[in-house]
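What follows is a group of structures, each given as structure tokens.
Common to both upcoming complexes is chain A, partnered first by chain B, then by chain C.
And then the complex of A and B:
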């Protein structure tokens, strides 16, 4: 042991850590170590378990039709709710609108987020990086409702954009409560998520790899296409999955910027649960949404392999 | 391939400075010219500005001052992807998402070679770096040395006019490194491509190069052939960097160097007047010990303070009380491998032409 003066004391942080370790050793002795991993994921497993319980409950009510006389769910099971949902033109339109919306949002968000994330990673000037980060997070801090309200102020019939247009003699246009407005709001909402998911993937690509591609004869476009995009694939797929699932199931943006005319699946489900109080039909729609999302994620994993999210394993 | 042997040098570096603004300049007043087809090695300790100079020649970085001409044209006159420069990076910079074949084919595809000729050419260059049959492997399925050879094949395959190598062998074990050094020399001669190689391995520099530049603190110390670099170093720094030298401090004398009142035989290696403070450099392999020392121009009594076993030879650390300093001596004699013990008193000597005397102000 090294010689220490009599009044020597270890730093407070070390003593605290040692105390915590000693305590942990009491509560969870070393021979239980093989189970430590399981202990740590138990809370997460419990949460997922609760979700599964809820899903079973929903599955149960999706099989019971609403008795319009008593306003109670029927006793016996039938597939009537699913038949009704699948036969209805309204729900078909809503489903198509949601799927197309999710696809458009994903594509546009990735297309915008990639250059943003690239600039964030590659800029040499710290102040540029800071400015880009603040610009990215500012709308994030504001919250979805306030942000949507902001769009009402800016894009409304007598909003700022229309006032500016009238100055140059353009008649006021309806910029809100239509499909493009919803997609616009959705992309704006998803952008920070996508950028943050892509940044680690791009940061993992050494700048010298791009320089090398240049010296081998690739211009910037080909370097991006043949080197940067393939190497950033885990980040792109991760970001794409998150954006696609979030926008497929989004409720707030279609509700606020669509003004009731641009419902997505989540809005239809909301209506069944909280307006019409037809729990059965709502549950059937919810299950179909879960199925659509699962199929989407499953397809991505099937095509690209779970390994593409850089979770180890090559495929 | 340097098919067009023009009259002008392949590379001209003229008064080039690089100042990152972080203190001392990374490169200071570098000037040299390189004829087509030659193999130049830039040698220097870590941080001496070798990579910086190479990146400026590649055109990845503009010099703060000065000019760089590649084939008679300014280095930055051509867009990076249109230059005919093959570079092996210090960190290789291979494409991990592609196979070995795809990595080597990449420059050919980017340069729009006839797609029908690409596979044969890729195979030929993989054979050249002794990687035939590895084409379908992924990069992470190769050893470090194999990866370095892929990087070399990728830089050579489009037959650039200029090949820049940034310590391409640094990560290899000694045996493979020595094999690859000879390989480099063979390939370079075979293709006749003008090559600039960067290293801090003096042996590699001597083995592979037509000419060597020694750099220190961003400045070129000497630019000459390997033999010259070894035989007549321009200053004590070069003498210490190429081979193993011992140094003696003293005053210049008509015979050589006056150290601690002892007049040692030596030759001036620069403009130096008698009586000036001077520094003598003597190589470990030119310093004699025991019977071999008796016939030398300068013979002194020494005491062995330490010995180091280096396989085929020994290094003796010998204290010379008369000079108040010590020297290192290589002993290489298969008949009498280790004749002296630690602590033994031995004759130590050297011939006048082997003690090089520099003005003391030189580094």
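And then the complex of A and C:
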């Protein structure tokens, strides 16, 4: 057996690692191991805590009315802002427009996203799958403003569609700045979200279940209705929830494709902050929107569970 | 077994989606190469003059770099935070896990306008509005669930026995984490951080709320210019976003494969 030289040293990397391990044992001793999970999650809890702080700030300023003489928020709290917002017909109209818009968008988006996700999951040709994925990700990664800009070019008063129509002698039409344009832009914006949230649920359905339903005499419509859709429920819920909340509270599409005449709740809130500078009223509206969204999400979670939105995954 | 009716119905709907999804991108690309002063159809010849114009425009270039900074800050903040949270949620038995999940989904359940205004008030009180890093942090907050999802969906695929085996072979906790756990969740970390970068790069509403006229980011700059007049230089700027998006997709496909999104749950 060879003698270990007196100046023998372990490789630097080993010593470094041992040092780090010792340091880790010093900072976070093993007896704290049951709390390691909490240690790991704390940064996320703190980061999201910023949002909670923000909500508290909004709640605080929603209780202060704007003093029209000094243009400063009042010192004492009152519910005047909420009364004002609830009594106003304008906000009722805006709220109704947003709710209807969200419902329409959710329905149309799910109707388009389901076949897309289905084709994506079931296609056997890899290149088709890749092409479908790229088509999906490209707009998702481009952002709302650029996409809305594209629609402005296409649908504008002197846009492509109208120019093309004038070539065949049709008078220009107002295709933009109306409700259908906003809904259309919204569906286009939401489609990638919906497909991506629906795909995991559809991928979990074995193709054999459909074959089985078929061999028992169901045609494809009945198979889809009675087998695929019920099994895809977690995906439909996840996708529907995200689309509904995002479209209910969207700002950019109504602002750009609605041209100021089709404001949603978010636009009304923005205007209160930056046009009228009534921070209190804006905060009250924002708080009510947050409450409405939370109630919606909470109800869906209670009734259906988190669907594909659950973050823990399988155990 | 797929019947003809099914194939026809599904693919016609898929094609409708494909056209709706791609049309704005294609049109913006086409419009950016026009030679005319206005965007017209049919286009008045081809030229690169609008690219020349935006390359020389200082405000656009600065807005672009600001967007890069915001996206960088967002990614740097969200990688450690999101990775650790994803691991904690999927590999540790936490008490109140249900409550934590609902809490961590707050960025999605609180409307963007609410989060944006709340953060604007908080940052305003702290006196940090007017610099770029709060915008990056804000983007990290509002998109955090994306990276938590992607990390935890990779983490659940790792067999806990592998970590035990590493420790059995004498690896300490740090070593196990660095050599076993981290490589296993790397696809999730890469996917998540790419998503965070891209989403922060494109983030519009929160940027609009947290920036002032001196530090507008590129999406806000485009939005402000659109309201005045539609000229082809904006199309050329938009192409910058298209190129970045294409690069991100290519990178994602190379590093982890786009099919990662098709996993069942």
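Keep in mind that, in the parts below, the second predicted complex is superposed on the first by the 274 of 315 C-alpha atoms of A that agree within 3 Å, B and C clash if a C-alpha of one lies under 4 Å from a C-alpha of the other, contacts with A are read in each partner's own complex, and residues count from 1 in each chain.
Just so we're on the same page, contacts are C-beta pairs under 8 Å (C-beta built on N, C-alpha and C of every residue); 3 or more make two chains touch, one makes a residue touch a chain.
Just so you know, these numbers come straight off a predicted model, no measurement behind them.
In the superposition on chain A, contact of A:230 is made with chain B only, not with chain C.
The partner of chain A that touches more of its residues, comparing chain B with chain C, is C. Residue contacts after overlaying the shared chain place A:219 against chain B and chain C alike. In the superposed model, A:211 lies in contact with both chain B and chain C.
Judged by the touch definition given at the top, the superposed model places A:302 against neither chain B nor chain C.
Annotation: chain A residues 211, 214, 219 touch chain B in one complex and chain C in the other. By the touch criterion stated above, chain B contacts chain A in their complex at residues 58, 60, 79-83, 85-87, 89, 91, 93-97, 106-107, 110-111, 154-155, 158.
For chain A in complex with chain C, the touching residues are 17-18, 20-21, 24, 36-38, 40-41, 43-45, 47-48, 50-55, 57-58, 61, 111-113, 115-116, 118-122, 129-130, 132-139, 141-154, 156, 158-160, 163-164, 187-188, 191-192, 196, 199-201, 203-204, 210-211, 214, 219-220, 224, 234, 242, 245-246, 248-252, 256, 265-266, 269-270, 273, 282-283, 286-287, 289-290, 293-294, 297, 301, 306, 308-315.
Within the complex, the chain A residues that touch chain B are 206, 208-209, 211-219, 222, 226-227, 230-231, 233. Across the complex, chain A is touched by residues 1-3, 5-6, 9-11, 13-14, 16-18, 20-25, 27-28, 31, 38-42, 77, 80-82, 84-94, 97, 100-115, 117-122, 125, 137-138, 140-142, 144-145, 148-149, 152-153, 155-156, 172-175, 198, 201-205, 209, 219, 222-223, 226, 230, 234-235, 238, 241-242, 244-246, 248-249, 252-253, 258-259, 261-265 of chain C.
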